[in-house]
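Each of the next two complexes has chain A plus one other chain: chain B in the first, chain C in the second.
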Partner chain A sequence: MSDQKLVNLTIEGRPVSVPEGTTILEAAKTAGVLIPHYCYHPGLKIAGVCRMCLVEVEKWPKLAPSCATTVADGQVVNVYSQKALDARKGVLELLLINHPLDCPICDQAGECELQDYTFQEGRADSRYREPKRFNPAEDFGGDVLYVTNRCILCTRCVRYMGDVAGDRALCVEERGDRAHIGIAPDHDLSHPWAANVIDLCPVGALVSKDFLNKARAWELDRTASVCPNCSQGCNVTLEMRDTTLVRMKPRSNSEVNHFYLCDEGRLNYEWVNRADRLETPMVAGKPASWENALAAAGAALKGATAHVVASASLSNEALWLLKQTAGTGKFRVAKGAEAPLPGVPDLALRADRAPNATGAELLGFSRADQPLAGAGAVVVIAGDDCAGLDTGALASAKAVIVLGSVVPAGAPAGAILLPIANFAEEEGTFTNLRGRVQRYLQARPAPGLARASWMALAGLAAAAGKGGVYDSAEAVFGAMAKAEAAFSGLSYDSLGLKGQMAAGARVNA
Partner chain B sequence: MGYPHKQHPRETPILSKYFGDPEARTLAGWKARGGYKALPQALATDPVAIQNVVKESGLRGRGGAGFPCGLKWSFMKIGDGKPHYLCCNADESEPGTFKDREIMRWTPHALIEGCAIASHAIGAETCYIYIRGEFTQPIAVMEAALEEARAAGIIGPNACGSGKTINIWVHRGAGAYICGEETALMNSIEGRRGNPRIKPPFPAVAGVFGMPTTVNNVETLTAVPHILNNGAEWYKAMSLNNPKSTGSKLFSVCGNVARPGNYEVPMGFPFKEFLYDLCGGPLPGRKFKAIIPGGSSVPVITIEEAEQVKMDYEGFMEFGTMLGSGGVIIFDDAQSMPKQLARLARFYAHESCAQCTQCREGTAWMTKILERIVAGQGTFEDLDTIFELTENMTGKTICVLSDSCGAPVTSGITRFRGEFEALITGKRSSTVAVG
Partner chain C sequence: MSHGPSASGGSVAQPIPGHHHDEPYVPVFAPGSAPRAKLDDILTRYPTKQAGLLPALWIVQDERGWVSEHAMKEVGDVLGLTAAYVKGVVTFYTMYHQHPVGKYFIQVCTTSCCNCMGAEDVVKAFLEKTGCGELGLTSADGKYTVIEVECLGACGFATPIMVNDDFIDSVSVEKVPEILKKYA
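The block that comes next holds the complex of A and B.
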């Protein structure tokens, strides 16, 4: 930073100091001014084609596209001068003359930049008396539907696919007002990261087939979270309609996923809403109160050496409490093919299809293909549904304690079942494959009597005479940070919503 | 010689002297006519010295913008370690312009010599001649001439025995008007879609293949050997009006005129005499009405204004229009200006590259409004909308295609408002010509 030359200029009367080479548009953000724009996106190459970001630079004969104009010392930039406002109003009018204005049936409505800027700076009426252009919608493959009529030709999708995804599947076809986004012959948007074009599209031209007509943008509650589908730990926003998760979108984090989320991660969310959940604690095949169930489980654990089957989908907090209560154990991780996003360093859909394998390993748990193998008299199964495992060992066990959101396959009728929340229903942290510890927040209530995993395990620890009293996930994390060298120095406050590297990882880096 | 008419005695044939003379196409024929005299000398001269001679001559770009040629060359930093490129703009896509076509058809070696000198002057070893794809005959002629020049060692790895490398290649355009814009032309050469690029960076910094590049028009480059042979003073002395406009200029004349064709006159020649004497005046029984003097992108002027014009960069500017590429389009009293301008707007709407919003949507909207007026469905508000739309489309886009659509239309409405109003009020239909 220190060797970077700073440029001083004035934007909307406010003095701004930014590094040399910054664009006026980015500099204006530091002054709290968002210059309207469509084709510009911080993750993409500059195109300068929408002409929406025109601003007036004093002493310049023409308006300047702020996305493509770098700052210079002493510049005086007027974003809201009459000349600049008129130019942008003109652009909005032209963008709208052939736009279908089908906002009432458009998925983008409510989060549409064309709506927003028109409301902010556009004309109230239209002078256009001619017939509108019409083109049919086109299925681009993957999760993407192209509604041609709504397209404003900002070319964000074309640049993303070519420059970031490294697959020149999209292009601009035709010229003049006949132009539209075209797809190369024998190509479709089945690239593993292609659905990002939906988020990049500032209007409703590229929409998700999965989300099509599911909900209106203003009905959704949004919660910051972390994608649970692989060990990359992409930051996401969970979008809930009432208590149903209807969409998972990337949340920008320049240290992890920039602006992107892979298709597999994005679309693998329906399981969060599944209704056939374990909702009540069970003891000996009968529903029980938490008090009785925990007491029974605690009694079974006291003095016994438990065989622990953990899960890489449990939070750091839950895994640490599990370690306190029953010791470390084994966990298994589902595997899949890696799929990197070429334009972003160190970003890929990872082979480990679980969010917290690194956290589990830092806490002393180890990987095993058959985590149940060698199980003895007392077995604790936390978070693993045992699907596909040889569960023969469970039949002979004296006590089986299950913490899960579903009843595991092969669980004996007499098992103690403790219902826990899934990641969308609780607070916690995951540690990604590079050792970055990241928080996820609660987006929906857990069903029935199910408890957050940290809460259920804190109860179990207390019942087994192994642990303190915790009133929140944050308190558990605090205690873990004191006890575990790998997490030392971290707290929920220091993690924020962008995460921090675990101590072990910091040393390695 | 002249083509298609005999040379008019009042012309100043410098570039057009051998138009219509097939022997001038061959290397031997061209040498017999004084060709390739300047090149060997130029190759032995310091590039900056050549730049200075051209600067001194006052030669300005003949493609339309009129940028001083020597100054443009001086932007190329000789010895910066990067490969430099020269692009000869032979796209000649501007409607009404057909001077470069004749230069390439009849005197291909004149262009090759100009390209080779310019390449040396800007430190380029490679020159691309970007020829409009529809110019099938000029392409064939140029290819044959380049082959001859290569075989004779005039260009190639040891051009004229100077030890310098100058390779010249022909690149065919694929039919887009906008590829005559220098940055779109460079994209097209690179094999990309012919979209203009944002400036900066300017071509002299990052042009074709990201390397320093100069783009010059055919006529500009063809004038260079004459300047080196006869001196900058000779070229400057040709100017008849404003000393900022020097040398001779080819004008392509088309439309409602007795003798359409190419005419070469010195800068500052009186337009009135040009129209009535050289071009033979209007067709029998007709009268000139309006003129677009510099290719379809420049504002239209009335014949009364045109008769006062001195034909140079400043002379046309005085009447609110431009010399442009020198494509003179003449309309007589049998033409409906609304119909002509609607046709022109349609051309721009068709050719817009679709990058900038104002151009993509504006040119098409403009066309629809004009065509509605021509069909008798217009309103007075439409005329106001056209002016506001033009304001919106001018000076706000990457290139000037959008401006070029608005300029002839608004200038036409200003000067021929009566014709538009007659169509709007239903007093006249566009099919009734004379009135």
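The block that comes next holds the complex of A and C.
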């Protein structure tokens, strides 16, 4: 890369220096100019069909489609010259001829590129007085609904399905004003990665059936997070309406998931919103204060060797504190079928359906199908993974301490229950299967008295006389990075929002 | 899903042989068949199999009268293309029939010159005399389908029509019954 030739040009009066072969559109981004575009997407092959990215290059007779034009030395590019603005205004006018303008009932409104660019550069009114073409909406299968009338035929979905998902299910059918996106005979969009066409669609033509009519884009609060549904660790944005998670969208990270998120990851979020939560600490079936519950748990742990059952859905911070408090232990990981996305290297819905199995292993926990087996007098269960386990092993236990976000099935009546937050309600980090440590942020408050898992475990450690005092997940992470070689050199600052490789993984990679 | 006028479905009162949807699909390009030999010959002319798509679809239409979704899939399999790609091509061109048409497919030019010379009346006459009633529909006996087309390139001899591959010019309302007698 270092010997790559740089090309110098001027875009909107700003000097730009980019590697040879860069397109004008990408070069303009480095100058802080976003050239309007529809068919271009950095993850897809260049099509050059929408003509929205036309710009004026000085001394060229015609306008150039900036997505398909590479930079050259000395070029002077005018994005907002009258000629370019007029051309793009014309493109927008044509796109809107048959567009229903049903923004008030369209899910895309507020995050629609047709709206945005029309607002920026389009005509204020339409000159078209004739009746508009009308086509019915079509269910494409999977999570995808195709609202034909809103389509601007950018073909991003066609190219994604063919080139990235490797299932050429979509095509452009018919031509002229009858053209629309069609689906091949006997096909539907049930491909495990098909719902990405919803995010790729720049307008409201491909919409999510799951999200349909749930919320307006501008009502949503967005939080950077990591998908908790498998060990790939795709970066996501949690979109909350008030305190309800209404959808998960991919957040781009060129080291992990590029621009994509699988259907299973994206649609498996309802459990975050479940209402039947453990909201208050319980001691022997009675609600207790945190103070009393922690004191009881600490007393049980003091001097005892605990059998520890962890969860691969807990953060690195929580797992490390658990290790401090009661030692390492076993965890069980739910399994599922692996589903790769062919167009992106090393991206798949992974067989391990939990986000932090690697983190747990780096911290010394080990996998077991029956993590409760061999439980002794004192048992600590952290996380919600014990549903369906044979709890007969707990019969002889004197003290059972459970940290869970829901009331655990099969917990003995005398158990000490400590309510913890789920991943959307706390801060923390997960380590994905390649050893990438990534942060997730808090999107909503935990219910009732539930505490972030690191906070609950820090309290438990203190009560057992084993831990320091921590005032934040960041402080826990800092202490862990000092104590654990695998995480050495890392901090929340160095992780940023795209993560860093753990030390062990850096060596192995 | 069908969109727009070019895809208007035929209301076939009397079923046309080979057009039943519940019948098992019989491949056009079965190994050793004449259409297969024809296609293989065509493919020798092009550097890629993909280039043989349009001729392959013509063979299908010659054999079956229309291009069904089954046929699109078969053509895709034969040429190493996906069904979606083939469907995109079939629907792009108006001259591939996506629904069964009558034994005689009558195309009447209604562009400017022909329109001045009474092409609209010729269309009406065909619709009445064939019993089709409406553009794009197939007559009850399964014999005729009438559509309007853009310029057939015989403006000096308005109104030209095409019946399947036969070209007939200077058609007037009076000549319609005589033409239909020939294609009965």
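In the analysis below, the second predicted complex is superposed on the first by the 507 of 509 C-alpha atoms of A that agree within 3 Å, B and C clash if a C-alpha of one lies under 4 Å from a C-alpha of the other, contacts with A are read in each partner's own complex, and residues count from 1 in each chain.
Just so it is clear, a residue touches a chain if its C-beta (ideal position, glycine included) is under 8 Å from a C-beta of that chain, and two chains touch if they have at least 3 such contacts.
What you are looking at is a predicted structure, and each value in this text was computed from that prediction instead of being measured.
In the superposed model, A:111 makes contact with neither chain B nor chain C. With both structures placed on the common chain, the touch criterion links A:50 to chain B but leaves chain C unconnected.
When the two structures are aligned on the shared chain, A:98 is found in touch with chain B, with no touch to chain C. Touch criterion met: A:127 reaches chain B, while chain C stays clear of it.
By the document's definition of touching, both partners, chain B and chain C, reach A:175. In the superposed pair of complexes, A:163 makes contact with neither chain B nor chain C. Counting the residues of chain A touched by each of chain B and chain C gives the higher count for B.
Legend: residue contacts after superposition of the two complexes on their common chain; A:138 is shown touching chain C, with no touch to chain B.
By the document's definition of touching, of the two partners only chain B reaches A:68; chain C does not. After overlaying the two complexes on the shared chain, residue contacts for A:152 are found with chain B alone; chain C is out of touch.
Once both structures are placed on chain A, chain A residues 171-172, 174-175, 178 are touched by chain B and, in the other complex, by chain C.
Residues of chain A that touch chain B in their complex: 46-52, 54, 61-63, 65, 68, 86-87, 90-91, 93-95, 97-98, 127-130, 152-153, 155, 171-172, 174-179. The part of chain C that touches chain A in the complex is made up of residues 1, 3-7, 69-70, 72-73, 82-85, 87-88, 91-92. The touching residues of chain B, when paired with chain A in their complex, are 176, 193, 198, 349-358, 360-365, 368-369, 372, 381-382, 385, 391-392, 395-398.
Per the touch definition, chain A reaches chain C in the complex via residues 133, 135-136, 138, 148, 162, 168-175, 178, 180, 182-187.
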